[in-house]
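Presented sequentially are two complexes of subunit A, the first with subunit B as partner and the second with subunit C.
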Partner chain A sequence: MTVIELKNYTWRYLDTEKPALSEINLKIKEGEFIGIIGSNGAGKTTLSYSINGLIPGQYHGIKKGEVLVFGQEVEEYDKGALQHRVGMVFSDPEAQFTAMTVEDELVFGLENLGMSLSQIKERLEWVVELTGLGPLLNKPPYELSGGQKQRVAVGAVLAMTPDILIMDEPTSMLDPLSRTRVFNVLEEIKKEQNNTVIVVEHSLEKLVPLADRLMLLDDGELILFDETQAFFEKMPLILEKGINPPGVMQFFYRLHEEGSYHDKFPLTVAEGVEKMHSILRKS
Partner chain B sequence: MNKTLLGYIPEESIIYQIHPFVKLYFLLVVSLFPLFITAPEWNALILVVTLGLMAASRVNMSTLKIYVPVAISMGTIIFLSYTIFGGTQPEYYVLFRIFGFPFYWERIRDAIVIYFRVLPMIATMVFFLSTSRERDVIVAMRSIRIPFVVTYVFAMALRSAGMVLEDFHIVRQAEQARGFDTKGKSLTYKLRKYIMYMIPLFALSLRRSEEFTNALVARGYAFTGEASKVKRADYILSSYTFHVYDAVLVGIISLIFISIIVLRYFFGAFGIEDSLLTIWFSPI
Partner chain C sequence: MENYIVVKNLIYNYPDGTRALNDINLEIKRGEFIAFIGQNGSGKTTLSKCLNGLFKPTRGEVIVDGLVSQKTPIVQMVKRVGYVFQNPDHQLFNNNCWDEIAYGPRNIQLEEEEVKTRVEEAAKVVDLDPYYFDEHPFFLSKGLRQRVAIASILALRPHVIIVDEPTTGQDFKQSIEIMNFLTRLNREEGHTIIIITHDMPIVASFAKRVIVLGMGTILVDGTPQEVFSRPNDLARTHIEPPQITQFAQAVSELGFDKGTLSVNEMYDQFKTISQGS
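This part shows the complex of A and B:
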């Protein structure tokens, strides 16, 4: 079932001459894990905001084409209705805190959904277990470390169990350990839930193993959107656009260029090691 | 240790047994007591009781030292306003003169009365801020059915104060890193150059507002439309219980307040005429 569909979608912010997104056509199915990549200014955040309804709701600009979520144009949703189904995590976790303690932060969205106290408690327990935020519940969110803050931000949106979860560079401000923890949460979501997850991310090492499909945006245009394995078959184009694929993939691409490797590129280090063993055994 | 609005309090503090509404009620009602009491010794008693409550709540009493300069400068200003800048009052009793300025007994007495009225008011505020977290303030307000939007805006105002200070430090450090520093310069220079901090701070505040609005919208909150009509469960209140002893405390505070008003206006108590200050020091 298609949950998101963009038809000839173009968006230009009011104070700019060039569209931030130009003639975008895409379909995303229920339960898919999508990665959006691209350099700064490529239109990744604009695309995320467009699906969540923040664009055109909160921003002034000129829109052409259609953005359909669950078959309905985003502009036709009542205020707040679309956001109940499409959750959004922003890159700066601190900017999205709306409450005084982690516990209040996690339940704020649930209160907005009109849930009863018992439902809220049940949902809170679930999300605390998933994100490991139990010891931090009574702390003010803005006093936590970067990784903890981002887990709170993810948890606050996850608690609402949106059908679509969009994360705009959720690990851009985090150290490697915190980044791993956030991706562990995403891995759990992928295993346990049937949510459609869209992650905007620069760092591909963690994203690639999880993503079903990857999307490459460049200068407001969608230039590549394919299944992860097939996506990296266009390696010259990806490299040309300044994208930095995972190290293991680059290693095998180098071998491929030298004519010593002709198979699919491994997506993870484990796959790479296996392939390397196989090559060594053959030789 | 739990962080409060003005410091830290151990988790075992007895103050956490008390419902936030009682603390807010104490602040709002007890800080009114001095307005009905003229005799300084009674206001001094309120001050001592409040300090005693702070100690019982395990507030770090050494932190109160920071208020000593404030208390001294405030006392000096009140004293000077009532004496040197109080004007000439031929009907008042001149206690002494300095450089020809008459210091009237009535003026000095009034300055002491005002000073001892202000001190307990400040102490009750410090007590409240030292023992309450932002969340307590919100819970107290919501428990008396103040609309969610009002309490929410209040909570965000509390939070934004901290954020603005934090942003100010960031802006200052960024400007210092690029060679702009007012350290050691004259006050007039600092004032003139203050705009260098204010412009980026203002721009940052605008950006913060935009981000915050996005966060609210993304979390399904709306001020208008169907989403705004949703009945909120107010989960925050479920973590607090209003016990019988909370009701007793509210009753005691109310009873003392009513007693003060009755004693003041029907029996003439707490007046300056019968105060120890007048009895012991009045030259008239």
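This part shows the complex of A and C:
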């Protein structure tokens, strides 16, 4: 089932001359894990806001084409209705804080969804466990470090487990293991509950093993959107656009370039190890 | 080389009594390029703020350029150790870039003539076009805002520059640019550079010394090769080596070095190993 569909979608912010996104056509199916990559200014955040309805709701600009979420144009949803089904983690976690304590921040969305107290308690326990925020529950969000704030922002949206989760650089301030933990949770949610997950990321090491498909935005245009393995067959284009593929993949691309490797590029360290053994056995 | 910073048995408690740093001993020489790494809440930022005198030790000593931080006015400290905030927006507060960069020099009561020299010099070092002097920092890109933030620190001409998460929110190209810029400050201008980061490939490519903090103490202190070839020690601290290093470690029985830091190093070893087999 298609949950997101963009048809000839163009968005130009009011005070700019060039569209932030032009002529975007894409479909995303229920339960897909999508990675959005591209340089800063390519349109990644604009695309996220367009799917979540913040655009055109909260921004002035000119829209052409259609953005359909669950088959309905985002503009036609009642105020707030779309945001119940499409949750968003902002790249600047402070942008989404409204409450005076971490605990209130985590349950704010759940209360808004009209959950019962026992349900809220259950969800809160689950998300506190996942994010390790237990010791910080009574602190005001503004007193936390950057990484802690980011965990709260991620936790608050995970708690709601919306049908579609959009995360704009959700782990940029996290240490590597916390980053792994966030990605593992996203994978779990997708597998167990068939939620659709969309992640905007610069760091590809964690994203690549999990993403079903990757899209590359460049200067407002969707220039590549394919299954992860097939996506990296366009390596020269990807590198030209300033993307930094995971180290293992870069290594095999180097062998490919000199003509000594013709197989698929490994998406994980484990796949790389396997390929390395088979190459060195042959030679 | 002489020690520029000496930290002796440093203990720092937050005002609520929580212990943030526990018995830190550290020596930093002129001209080093250091990365502080460690999990969120490990004490990286707190240690940095002790180094520039923003925080005074609860016990122990921080000595910078021969000055003991407890007894030295903050004005003297910030002239020696500059700290660039994680989020430039937490640091920038003036209405235009000129005033932003001039704020520090004016604050230490330099003559307006000298302030002008300092601002122009700092802007030149960070490659900030004078065109931006009248612009409001809010309207600049994050990369440019960060440069303004660094320029405002440079205008005080500190010897040590600490940059908290220089690459967060930057794309790959911007990250490399900012790191090349810090490398230039280190090599050509002779500054001691300390970065605080979670980006291990950046640490592997740019830092010469890595200090791993955990639970308010220094757990490991060494070159990137030494630190990253100890994955088990690192796991305790929520850190993992760059992916290429993990890869080299996973195939180390084939002859790859566990301290491999880059794709180039991996490739060179591969050439040797495949020709030998």
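Please note the rule applied: the second predicted complex is superposed on the first by the 264 of 283 C-alpha atoms of A that agree within 3 Å, B and C clash if a C-alpha of one lies under 4 Å from a C-alpha of the other, contacts with A are read in each partner's own complex, and residues count from 1 in each chain.
Rule of thumb we're sticking to: a residue touches a chain if its C-beta (ideal position, glycine included) is under 8 Å from a C-beta of that chain, and two chains touch if they have at least 3 such contacts.
Since the model is a prediction, treat every value here as computed from it, not as a measurement.
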| item | value |
| --- | --- |
| Partners on subunit A (subunit B, subunit C) - clash or fit | clash |
| Partner chain(s) touched by A:Pro246 [first = subunit B, second = subunit C, both, neither] | second |
| Which of subunit B and subunit C A:Asp168 touches, first, second, both or neither | neither |
| Which superposed partner A:Ser116 touches (first subunit B, second subunit C, both, neither) | first |
| Partner chain in contact with A:Glu205 - subunit B first, subunit C second, else both or neither | second |
| Partner chain(s) touched by A:Asn52 [first = subunit B, second = subunit C, both, neither] | first |
| Touched partner set for A:Ser178, first subunit B, second subunit C, both or neither | second |
| Partner chain(s) touched by A:Glu32 [first = subunit B, second = subunit C, both, neither] | neither |
| Touching partner for A:Asp218 - first (subunit B), second (subunit C), both, neither | neither |
| Identified clashing stretch of subunit C versus subunit B [40-48, 58-66, 94-102 or 202-210] | 94-102 |
| Residues of subunit A touching subunit C in the complex | 38-41, 91, 145-148, 151, 169, 172-180, 202-203, 205, 242-244, 246-248, 250-251, 254-255, 269-270, 272-273, 276-277, 279-280, 283 |
| Touch list for subunit A against partner subunit B, complex | 52-54, 57-58, 78-81, 83-84, 87-88, 90, 92, 95-101, 103-104, 107-117, 120-121, 124, 138, 140, 142-143, 156-157, 160 |
| Of subunit B, residues touching subunit A in the complex | 2-3, 133-135, 138, 155-156, 158-159, 162-163, 208, 210-222, 224-228, 230-236, 238-239 |
| Complex contact set, residues of subunit C against subunit A | 38-41, 45, 86-87, 141-143, 165, 168-175, 198-201, 235, 238-240, 242-244, 246-247, 250-251, 254, 263, 266-267, 270, 273-274, 277 |
